[in-house]
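Quick one: the structure is below, questions incoming.
Order as written gives the chain letters A, B and C; numbering starts at 1 within each chain.
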Amino acid sequence: MNLSNLTIKEATLGLKKKKFSSNQLVKACLDKIKKVEKKLNAFITINENGAIDQANNCDLYFKKFGEGIFEKKPLLGIPIAIKDLFSTKDLKTTAGSIIINKYIPPFDATVVKKLKNAGAIIVGKTNEDAWGHGSSGENSDHGPTRNPYNLERVPGGSSSGSGAAVASGECFMATGTDTGSSVRLPAAYCNLVGIKPTYGRVSRYGIIAMASSFDTVGHLTKTVYDNALTLEITAGKDSYDATTVPKDVPKYTHYLEKSIEGLKIGIPEEYFISGIDEKVENKILSAIKQLQKLGGKVNKISLPHTEYAMATYYILVPSEISSNLSKFDGIRYGDERELFGDEAKRRIMLGTYTLSSGYYDAYYLKAAKVRTLVKRDFEEAFKKVDVLIAPSSPTLPFKIGEKAADPLQMYLSDIFLCPVNLAGMPSLNVPMGFIDGLPVGMQIIGQQFSEKLLYQVAYKYEEATQYYKISPKI
Amino acid sequence: MNNYIPVIGLEIHVELKTKSKMFCGCPADHFAKKPNSICCPVCLGLPGALPVPNKKAIEWTILLGKTLGCAINKVSKFDRKHYFYPDLPKGYQISQYDEPIATKGKLSLQIQSSKFKVQNDSSKLKNEEKTFRIHRVHLEEDTGKLIHKGNETLIDFNRSGVPLVEIVTEPDFDNADDVKRFLEELQVIVRYLGISDADMEKGSMRLEPNISVREIPNPKSQIPNISKLPITNYQLPKYKVEVKNINSFRFVKQAIEYEIERQTTLLEKGETPKQETRGFNSNKQITYSQRSKEEAHDYRYFPEPDIPPMIFNDDWLKQIEKQIPELPQAKLERFVKDYSLKFSDAFILTRDKKLSNYFEQVNSKFKIQNSKSKLKIKNYSQSIINLIINNKLSKTLTIGEFVNKVIELLAPKETDEKLLGATITRIIETNKKVVDDYKSGKQNAIMFLVGQVMREMKGKADAKIVINMLKSKIQSSNVRSSRFNRD
Amino acid sequence: MKKKSKKIILSRQEILHLAKLAKLRLTENEVQKFQKQLSAIVDYFSKLNEVNTDNVEPVSQITELVNENVDDEINSIRILSLEETLKNSKSKNNDFFKVKSIF
């Protein structure tokens, strides 16, 4: 039995039934890492000794307290990976960059603390587009990560390493951040479930900030259940983060089986007129048919400001990036600012421009107003429907190096994903099948704090399609 | 011939003495702590750290704003102010830009005419009331501290993140004395509110005046009282000079006057002073040009995304307003009026709210005891104040102990009149020259004799009785003096 | 996307000024590259002029939270030791961080 191919649900059951130990689970992941890491480059740091120690502790815990311990520690003994944008105490955190290549945080991000408290074992820190800047993984200062389903292709970004690590079985769950695409795209390209939660649902404390009013903290797993279980742990108000909302966190896993009969599904018409790959379009139409079979009622809806979303996004996000990267002055940590990569420099320059005196009103302020209109589009839509369905990407996972060196082109490819971040809404990517052996994904978008519903829809769809069972041949 | 009038506006920073820092739970009390010993991810600016505002700091800023007569903005927020400097860990300071907590206030002061020093008595206040307008009061975080050591600059982040209130006045000042007086009054007000120690030497109150000088072409025209003119009535000079590093009250006057002189000299030569920031060198007592940090700063302000905006609830604002105590100016006037105190004494007392309370409590307790006793001492308020101010009695005495001491000192002493009579007779006989001086008109000569008598009596005599007895004995001892009836 | 005629909206002066504000030392290559790229991107931004934003409030907080703050209490859990504080710095002098003299 290849332990690293299990889901979290299966692994936990196995641990409870004493079919194997946590030590064996971790060893299976570490073996997988040894086998495939050279090809994938999914990790920046591997925490081998630490993980084994933690695994042994978990086994002791279970021995001492028995099955009941899983109530308090739902992820006990499960090997996970943390995107290298998250501060991990005493474990190197690089943000995928060379500037803080040697930075060792003296504290844990809140989410890391919560996952540790839940018994999860950190096997390593995953590779990413440096500072979160990118949607392919090619902007990492540590070399690109490759897609386990096709090594010539990108795994999606910026949580590229997290996508590759979970898909290949190097770990059972990996955290990510989604500011414009960065959990959903790697989830789509790597046949995974990826959640971009409502802004304010999960604490950002300890996560290196990219765009403060956009960053959300999510994660990637093989299945919907695994994903829902993890959100139960990471979500919730944090007194260290003033932008987290004091709303109760439901037990998402308890509602998965609910029928979606009568679910009102909205199809944003603007998403189907932009340059979407024909095969992808066919795939999404089949997916929609599947949802109708499950009881969903389809409505066409309009998000009229979609065409302005990218300009709005690329004014506001680099502005906040330029501000957030000001703390890297090389004095208390890190190296000189000259070592910022090309993409980071470009975004810093752009953001400095849009905030500068004389331009602030025309750009930042204007974009902040258009953002209100984009949000309103979604709010209006959700008066008529329960969820929106859209492809996560207009194209298949592309070849490494294929996307032109034209930054504007790259920016415009996130057209289906960014508007959700502008509005602060949650979105869940669920595997939608394969085209020419390459995974594609579907986004289920809901209104603020509707994660419970998103998981229900995804669960039903997953039950009917079971694409997660198709592992990469790596 | 032109007249030159200084135009001075003030930027004052006050460190709040909250328990914790502005955006994190580190202790705010940083004075004399080991370097870099009270830092956390937030105030050190580590990646991933997030700010969460200190409610008390917000409350105290509102309190100060209301005390200074400001309007409190219903909606307020924090903004990021960007610039690079080694003591600024995030590369931006969290401050307030276009929606500060308080705006448009004023502080009115009784400014004594410069001919009268405060120490001189004047119960008729020969004062002028001047009003200085407050432009805004806002809240921000402090930076770390830089220490210069040879060719290195050392950085200590203990102070980073301490709450700082910034008070900006309108350019209503035209001389250094008024600035000093304003600052002193502000210091006392801030101490009365209990929100800061406002100690210039320790850096918990800092002043950066903006100084310009403008020409009045017609010297014969009356020099306008700038603060009484609405701002549209005159044009501000086209430049202003900011002066930094004034870290004591005694340097305030020196720095400002030097700078006014420097600018006036340039203007007289037909030159316009450069718009710049200058430092103050307290040893040489001059201002000097600081290496100008590029052109005008572009701070690229934008709303702080990590902190939701503040919307102040009317009830909360009313509650805060109730916390405003009787202010020093009002207390001063009341003391002069109700206790018939000298202005100078009341002034000294009201610089310290605790001391003022002490005085009032001693006074009222004494009043009660006095009315019950046989003695009925008069003018005790002034005596009490003398005792407090001249520090003859320790301020560490409880109210009760102090009152008893006062009674002991003021109560007429039991006098052995027979012994006294004999003593006085003796003193008169052995001091004939002094007695003659007194009789020939030197009134003060009697005090010498009183002193001699008191010494002989070892203090066990009531002063009034001594004087009266002395006078009558002198009277009766020399019938020939023609002046003694005058007493 | 078809290539339009490239408008150079940002002058070389502006690029140099931005680099100074952002404390980035650019190579000549980078200056020219960014001038081209940023001009194209900023040109794209002009699309927003088509949107009527009269009477529209800018987003101030997408969660619509207000008044988030904490009581004035000391939190000793988060305070870092001197060692932790200085650990990641390349430039320190005993208990201090250091930089080349700025005066």
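The rule we apply is simple: contacts are C-beta pairs under 8 Å (C-beta built on N, C-alpha and C of every residue); 3 or more make two chains touch, one makes a residue touch a chain.
Nothing here was measured: the structure is a model prediction, and the numbers come from that model.
Enquirer: Between A-C and A-B, name the chain pair that shares the greater number of C-beta pairs in contact.
Expert: Between the chain pairs A-C and A-B, A-C carries more contacts.
Enquirer: Compute per-chain Cα centres, compare each with the mean of all protein Cα atoms, and return the closest chain.
Expert: Nearest to the common C-alpha centre lies chain C.
Enquirer: For subunit B versus subunit C, what separation do you get between their C-alpha means, in angstrom?
Expert: Inter-chain centre distance comes to 42 Å.
Enquirer: Report, in whole Å, the distance between the mean C-alpha point of subunit A and the mean C-alpha point of subunit C.
Expert: So the centre of subunit A lies 24 Å away from the centre of subunit C.
Enquirer: Centroid from C-alpha atoms only, then distance subunit A to subunit B, rounded to Å. What do you get?
Expert: 58
Enquirer: Could you say which residues in subunit A touch two or more other chains, in rising order?
Expert: Residue numbers touching two or more other chains: 103, 106-107, 213, 239, 242-243, 326, 329, 331-333, 352, 356.
Enquirer: At least two other chains touched by the same residue of subunit C: list those residues.
Expert: 21, 23, 61, 63, 65, 68-70, 78, 80, 85, 97, 99
Enquirer: Could you tell me which residues belong to subunit B and also touch two or more other chains?
Expert: In subunit B, residues 41, 44, 52-53, 82, 84, 86, 155, 298, 300, 305, 307-308 touch at least two other chains, as defined above.
Enquirer: What part of subunit C is in contact with subunit B in the complex they form?
Expert: Per the touch definition, subunit C meets subunit B at residues 20-21, 23, 60-61, 63, 65-76, 78-80, 82, 85-86, 93, 95-103.
Enquirer: Taking the complex as given, what residues does subunit C use to touch subunit A?
Expert: These residues of subunit C touch subunit A: 1, 10, 14-15, 18-19, 21-26, 30, 34, 37-38, 40-42, 44-45, 47-48, 50-51, 53, 56-59, 61-63, 65, 68-70, 78, 80, 84-85, 87-91, 97, 99.
Enquirer: Which residues of subunit B touch subunit C once you look at their complex with the stated criterion?
Expert: Going through subunit B, the ones touching subunit C are 18-20, 24-27, 34-42, 44, 52-58, 77, 82, 84, 86, 146-157, 291, 294, 298, 300, 303, 305, 307-311.
Enquirer: Which residues of subunit A touch subunit C in their complex?
Expert: Those in contact with subunit C are residues 102-104, 106-107, 199-200, 213, 239, 242-243, 245, 305, 307-308, 310-312, 314-315, 322, 326, 329-335, 337-338, 340, 345-346, 348-350, 352-353, 356, 363, 365-373, 375, 407-409, 411-412, 423-424, 448.
Enquirer: Looking at the complex, which residues from subunit A come into contact with subunit B?
Expert: Checking each residue of subunit A against subunit B gives 86-87, 93, 95, 100, 103, 105-107, 109, 204-209, 212-213, 239-243, 319-320, 323, 325-329, 331-333, 352, 355-357, 360, 364.
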